[in-house]
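Down below are the structures I want you to see.
Next come two complexes, and both contain chain A; in the first it sits with chain B, in the second with chain C.
Up next is the complex of A and B:
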């Protein structure tokens, strides 16, 4: 178990350090790159849990998709010498207060919760299980959320096309 | 220790047992990770060196020249000499650049290709990790390489680098869709995403032959789209020498430049290995139904030889593209992907699903 524990501490350390760097970095692209490390380390946790499909989704969608889009928009809008100004004291206090309150609630709940090991039989989360679960209407089927998300994505795509299309003068 | 050139499973298991007997489980794992890392690293450097040499020779052949021919017989030590030169070259620091990101960028590119190479099955039982989402994993980690290119372009604080990075980003993000869909088509055929499983499913024939015309279309789509993803000609406008003075790596020198250079060649190797694993039967020998004598002779050739011969063939194809087609413009590249390749791959995927449902494939 030491190997697992070592990896857990390593990944948690990476996530903690880079999450803080994401918030406190004054250069916007450095913040984005720190976010990339946080997301990749999270994928590492999914690998540790044996849920490889989720890890793959995490890397493709977040690291390869969303971070690339964030970096892309930073490239279009910001210059390498640009730095953030120091935030106002009131904003700093308010943000810090909310952060402390939120993390205190989360930590308090976790410490007071008694974790019961699941008695459900373990399922291997391979391609077939996930595919059937996503598109089935049975008890553990997710076809409704799947379809709702499809509609949402379709709407987003149409909106994107409408924003990006060339105006034709009529 | 048993060593069998047709099946490496017992070989790797013996190494594992030897380590487990002599070390605690924790240190055995660490030792195994180190061995795999060092082996892949050495392999990476060797293949990189060889591919640079091969590219120069193939290019020379296409242009009716001799190519490197001074250092060693047929110039085979030319790339080693080049490597020594690159290692000793000064690393030029850039004023007003984002130093951290500037230094980080080559490593992200290298790590992305390094992670992808870990999943490739070279022979039976010879792969670092055999995930049950193999195809998806390779697709996922190789999509991170573009982050390194974008960072390199932006942190150099140079307009040419920035334009190169933007072009590369737009191109890679677009062509990923076609790559994913063409890989998906063979996943539909094989019914698994595990790379070793896909190879095993081709024991009686490669998917490019078994899958009829849709599989062949998928192969063409994959080769086209992945040539674009590796930033190679005719899609190399991210580093177009004549207009962008080498694009995103203009400001890099010495070994940092060599990292980008090496990663480009390794990405080519990875793309070729994936094409071979998915479409051309991986390390499986060429087999035809009914020709017993031929099949026995083909099966006698070790799987590693088969794998590298097929990879060399696909790499030769990609080099052929690079040195014969003219470079595309950015709008032509994006039109090609969004108006032709993407609809084609969508239709092709549906067609393949139909073929599989009706049981028309072999």
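Up next is the complex of A and C:
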């Protein structure tokens, strides 16, 4: 067994176990920490695939930003020692049934589909390539989605401030 | 890298996706539902990058799509958490079963 394969099994084990803990943990703060582990293990996947920039974005934005935001909102809205009630058995069975059926269908399809890889030479996405692609207007450029995303982020930031601020009485 | 079949990664992300769906159905707390959505988005992102790397290594479409998905997830999480905090201020709970009426 090679190092890569060992690493893959380790990361996927971490992802699956901590995804389940995120969903079924009794305490909400532990669920958030499990989510952090899932996101960091996903960043490990990206490193294995050779997308270092994407892995860095994953760690800083997801694991650094979103999880901290979620933990803050947990601390603002619920008591740390608060425990969830047991989920309804009907919901548990319904969700489990949907999950098992859906994943069985998807995995069956994945295993029976022949993937045809392209034979063209691979390019390694270093910072230079990524920066040029993000800001170029030619065929493989992404300047339009880049600008749309920046406007969206600005709008989301303003919306977050407007919605979450305390209403002042005139 | 190439001793790992693409199918393995796709299966892991499929399982992660459906664990997220399960949590979405089972949980009643708004923040936990948000975490389930993050799991779903993350599993889809793994798919984009893995298929990009294994099947079309001469392009970067999947990579950039993943990048934009992460940005949109950040925007979505920030607005969702603002709404959750606002709901908590009005109803002093974030349980979806107790929050069923709009103020106006």
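The rule is simple: the second predicted complex is superposed on the first by the 162 of 170 C-alpha atoms of A that agree within 3 Å, B and C clash if a C-alpha of one lies under 4 Å from a C-alpha of the other, contacts with A are read in each partner's own complex, and residues count from 1 in each chain.
Methods note: a contact is a pair of C-beta atoms (placed from the backbone, for glycine too) under 8 Å apart; a residue touches a chain by one contact, two chains touch by 3 or more.
Just so it is clear, the model here is predicted, and its values are computed rather than measured.
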item	value
Joint occupancy of chain A by chain B and chain C, clash or fit	fit
Chain B versus chain C as contact partner of A:38, first or second or both or neither	second
Contacts of A:52 with chain B and chain C, given as first, second, both or neither	first
Chain B versus chain C as contact partner of A:17, first or second or both or neither	neither
Chain B versus chain C as contact partner of A:159, first or second or both or neither	second
Chain B versus chain C as contact partner of A:123, first or second or both or neither	second
Contacts of A:74 with chain B and chain C, given as first, second, both or neither	both
Chain B versus chain C as contact partner of A:66, first or second or both or neither	second
Touched partner set for A:29, first chain B, second chain C, both or neither	first
Touched partner set for A:2, first chain B, second chain C, both or neither	both
Touched chain A residues, chain B compared with chain C	C
Where chain B and chain C come nearest after superposition, their Cα distance in Å	13
Footprint overlap on chain A, comparing chain B with chain C	2, 57, 65, 72, 74, 76
Parts of chain A lying in touch with chain B, wherever the complex brings them together	2-3, 6, 27, 29-30, 33, 36, 40, 52-53, 56-57, 59-60, 63-65, 67-68, 71-72, 74-76, 80-81, 126-127
Residue numbers on chain B that touch chain A, as the complex places them	25-26, 29, 96-98, 100-101, 104, 131-133, 136-137, 139-141, 143-144, 146-147, 150-151, 153-155, 157, 162, 165-166, 169, 173, 176, 192-193
In the complex, chain C residues that touch chain A	1, 3-4, 6-12, 14-29, 31-32, 34-36, 38-39, 42, 45-46, 49-50, 53-60, 63-64, 66-68, 70-79, 81-86, 88-89, 94
Complex contact set, residues of chain A against chain C	2, 4-5, 8, 12, 15-16, 19-20, 22-24, 28, 31-32, 35, 38-39, 42, 45-46, 48-51, 54, 57-58, 61-62, 65-66, 69-70, 72-74, 76-78, 84, 87-88, 91-92, 94-96, 98-100, 102-103, 106-107, 110-111, 115-118, 120-123, 125, 129-130, 133-134, 140, 142, 145, 149, 152-153, 155-157, 159-161, 163-164, 166
